[in-house]
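Here come two complexes built around chain A, the first alongside chain B, the second alongside chain C.
Entry: the complex of A and B
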């Protein structure tokens, strides 16, 4: 049984993540009082931030950390008390509760994990992925922290767009290029210094390597037994992908991870000793209870693939004009995803390194990853990611694959009903096993 | 005898899509659209019949659960359920826009499970900048091309100007009708007004214009009733395409004299600039000017000044904030708009609903208490 516990990591590299990813985990030590610092949303291209040598904090990630450390519920409640509905994103409520408490105390609340967030001098948001992201910093700035706000606003083609039409390509690339140039202009204005183009070029080169390594890791996870499960991806893959893409530390980390996973495949070593169920994970994980994956491992289940923070195939780009290279990379990745069926993907054109796999790709994974079923986490406060799970469930049924959808939340542990959820999981695994026995008898 | 004025508006409101079906039977193509970001003027200029897709609060959502999650905009889920159960089978096409997450996601699901011969999504940026205005303008260009393909003929600039002029007249007439609610008591109730507006969403603009002229004449001819003093309210918030809630408020000794909702005043404010550049006029009206909370308009609370001004202009003493479950844009704004109204000395009451009006009796009690507090 789980009852809210942290994940036990399987891979050595993941266990060493904090030490290997020093530029992220030790950023508090390098902060200088009064220096510019941006609170950023995932999806703001970290390569551009690096090109400005700008210190950053990510309130979404802080939400996951607060969730894992057991303080998110209290902070969410505080935001609710100030009028923010429980329907709203729990990352948002967590950050609003934190800021409200910060202002009340005049200092970082003692319960804040990792010393809290650095003092922001600007808020950098994004219009991509969901509506809360365009409203979040508006509320933070208008109600709590009157700081300058800038949102990039990339647009994503609808699933039925003719992405091969050069006019459509020009249409989407134009707004992406313009919004990125606006971001650069905002940062140059606010920081009083120009962007370091060489640094941007180097960061994009590093990002290319990172994406290629992650693609390779994802392919290696097809092996039976599975060498890396979702608990290791979520604990060790998300931070360097979302917040460090472009940094050398991230490249070296993923290279090390790739080598370890490759070695496991060569030696036939799996995450769990008795692999009986290979499952797809869909949705944001319950960050306050990543030990949930280990509990499923104890029941013989492993997750070789997940739809969240999916990196997808690498694409070729010309780095001679790095900002346009970022535009080109973003567009090509969006096209790749759209071709695999993007009818329930929130928005697939984001200049960051992650998105979600398309419907046809997920159906293909059933065979590539030899999946027995799918477990989908319906997060009440993140409809952007949850919407589409029923559609994917319907699609997987056509492949003969059952799915279980259970409800909870990504950062608000008050919605976790352990007995009910574990009961659903056990019933689901038993149903898979029974189906397997029936098929064996029939043959 | 044929119905006229408010009686005709009520019949059209209750008949829902009856007129659209008649036009379809006459050989016209009917295109359903959700949200104003895809300008209906363009559809009409091509000779098509635009039909604003409505939900039905009395329709229990059953089949939609097979295809889409329960957590999400209950209005959008309701419209999809109507489609799945065949209520929108008369549509020749579907046009949605990236108004919010729910509509954007639903477009994919709707076109997968209930595909139509014609479907199109108008993409809409979240921020108002010169670049995003250029993007939206190009989107409208693509939309125009697709509409021309469906209609089988190009849209002439002349037809577009005519369509814009006709829609603008409906807006001007609507505002004239609204102005008749400034008196105390108002000449027209909030429920009557909403019936007229909803009726108009299912009509070609010229027919709506005729209806508005009939209603205006009828209401102007009404004798100014001395009337009992009642609390005057502004109704703000999510889409409201059913008159039950306004009727409920007006049963509670209050008068809804003004609103800020998309089928109401929000969609009727101003006119589409109709000069040499009609597409530029749409950008101004439907993107830069349209006050949907899904668009980022900076952090200053003065962005809600127009609500306060409307309340003052119409003599409203309080504001009802009507919010649908899971509506992120409105739920974020709710905290800020309440604060702004409070600073302006306007009391407010939040009514949250899941687009079923199932909690109508508890709403009645709360409205009564609110009205009592105001008087």
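Entry: the complex of A and C
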């Protein structure tokens, strides 16, 4: 019925992503020999990097590419051979396996997709989003790449904090401001040039446009039939959102995407011809098998919403002091998330502008998106994202919505059990259909 | 009281459910409140300064069957997280009024909200501690976070913390930590007179009583221990590393010793020993405690130590304890320990220090295979 395969994209804009997002996909060609280059964790605000005109690579994204190109398992195994447990993050194992092989060969391994990662001159990490990641660059810098490292370390308020209390706001904003100023100081020191404040201001302005466009696209996806599914979000939305926020290319791309989605809604065009099940996706997708979503499409299922990489509503910020504007955006967004129920989002203070939606918002989505069920990917090597699924499942049950939790991994395909998973999916869809018939009979 | 009697009393205490310990204290302190803290560190001083009893919250160990908690977690989560929640379901922490969790890993940082969701009648606080210890603003933030914690106690439990009370509590815990350091120093010097199992139960018992009560007993024990008659044996002096959160079964510690090891250093129950000397400085006690968390902390896998290699603190520990080898003892699925294992192992190999890995879970019942592995390791070292 299915096998590990890449996604078939539905939207033309998404199919053209590589061509439209040239500043990302052609970065290797544009890079000057020997120029500074940072390897960055998702969670590092890309606007600050743009303000320094600093070239970047994102090893987590590289993990997804390696997974999609079928080389992640081999790289993970190599890291495991060096002592890294299979219980640790597969993005981390993939990158460590890659670097280990790179050093062994003295050149980019021939199997590395897209020519591998550029040669790093520094490592920029983030303590936000997931806790042990801080150890990832510690391992890389201690063991393989003796480079300067800097981690931002944003602190998040507990989910039940009184976020309207100005003392609480000051408590968290002060440490966030400090850590971002320290990142700027680190970059100024390492690069030997000051941050371009105007560039930061422009990038934040662009990011505001992107966030507003994403918000609009998310709203348009409520339409029946669904004009854009999760496979298009994951293949075409994640790169410009996570790694290009603040860039003009990202704004124009999302504008084009918004226009196409809006046009589809106006014409009543959906992702699949026979839409029978509208499902919520929760978790990181199996990057090595995004065609999984197409397989579900063949069974009549579409995903109009997903909880991963959620941005949420735009917030107003004053760009006169752009670094403080970034602090303010981060705080206001955390407040917005908290108001919608952040009990399974301990790290909602995310300077890069994405995390997960609040629980009450997800319950609201049941009605907004006319959901029939939820499919949750429990990723073995990512406890951070898998954690809240049982709670959300229980919450959705109160809305009368069933959920399926299946177990695999985001980048390590060895954990994918196709027959079992597809069997679970089929059973789940049949149960939804049976429930629907039951309700029809009862009414 | 003899050393044996004190240790036996400690052994009795640590086998009691946490709730029973709390209720016994409350019987003697009517109207008192009890707050339990999840590993690795939370400021017992702040809890104590509010007039409450701080307790260490260390999961269910071998005594609690998981009947409710398993359904609320994914399978690939450490035992302590599950059994801590189970304690609540089985009423084994009834009598504990508040719980403090912190962000030592993705599992721990989520436990606060899952605990609160399941048990809404108790006070639960999430302490967001900085990982990056090199930033100058971190100590200030940390102090502010401790003030937020104290404000939470006052609001939820009606017990405030005055600066004077906190200063006194810091002094009391300084005195307690000095005793604990003395035990560790004694064991390094004369491990034949203080087994790790004995030290462990004494230390764990000290996390279950007010420090003012613990200190006199510890002093008596410290005075008694040198009088014990025990002949030094030809054993391998080892350091246990990686058991800083979930605690290994006592049976496993026994096996380690029976298999021919003297454990001369460990990272068990690290929270009560987190601050390596007296809390320094003068002035605002929150500032002092915040700075101590950052600047006087024991090396740990739950913090980021900047560019210093993760093995540095461990190798220093090995040298200081005159140890011959390291037993890595991470709990199953413990990400901080599993990450550090690689860097530490490499550091040890560069330094020529032998090591072995013994992964554990709370509910380990049989140790024969582990015993064989340890015996083989010890023999390979002793007869090399």
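Assorted remarks:
The rule is short, and it goes like this: the second predicted complex is superposed on the first by the 442 of 443 C-alpha atoms of A that agree within 3 Å, B and C clash if a C-alpha of one lies under 4 Å from a C-alpha of the other, contacts with A are read in each partner's own complex, and residues count from 1 in each chain.
Convention: a residue touches a chain if its C-beta (ideal position, glycine included) is under 8 Å from a C-beta of that chain, and two chains touch if they have at least 3 such contacts.
All values reported here derive from a predicted model rather than from experimental measurement.
Chain B and chain C, once both complexes are superposed via chain A, clash. Once the two complexes are overlaid on the shared chain, A:174 sits against chain B and chain C alike. When the shared chain is aligned, chain B and chain C each come close enough to touch A:387. Chain A residues 82-85, 87-88, 127, 130-132, 134-136, 138-139, 141-143, 149, 151, 153, 155-160, 168, 171, 174-175, 178-179, 182, 343-344, 346-347, 378, 380, 383-384, 386-391 lie at the interface with chain B in one structure and with chain C in the other.
Residues of chain A touching chain C in their complex: 82-85, 87-88, 127, 130-132, 134-136, 138-139, 141-143, 149, 151, 153, 155-160, 168, 171, 174-175, 178-179, 182, 343-344, 346-347, 378, 380, 383-384, 386-391, 407. By the touch rule above, chain B contacts chain A in their complex via residues 65-69, 71-72, 98, 100-102, 104-105, 107-109, 111-112, 119, 121, 123, 125-127, 129, 131-132, 134-135, 138-139, 142, 293-294, 296, 298-301, 325-326, 328-329, 331-336, 338-339.
Remark: chain A residues 82-85, 87-89, 127, 130-132, 134-136, 138-139, 141-143, 146, 149, 151, 153, 155-160, 168, 171, 174-175, 178-179, 182, 342-347, 378, 380, 383-384, 386-391, 394 touch chain B in the complex. Partner chain A is touched in their complex by these residues of chain C: 71-77, 103-107, 109-110, 112-114, 116-117, 125-126, 128, 130-132, 135, 137-138, 141, 144-145, 148, 304-305, 307, 309-310, 332-333, 335-336, 338-343, 345-346.
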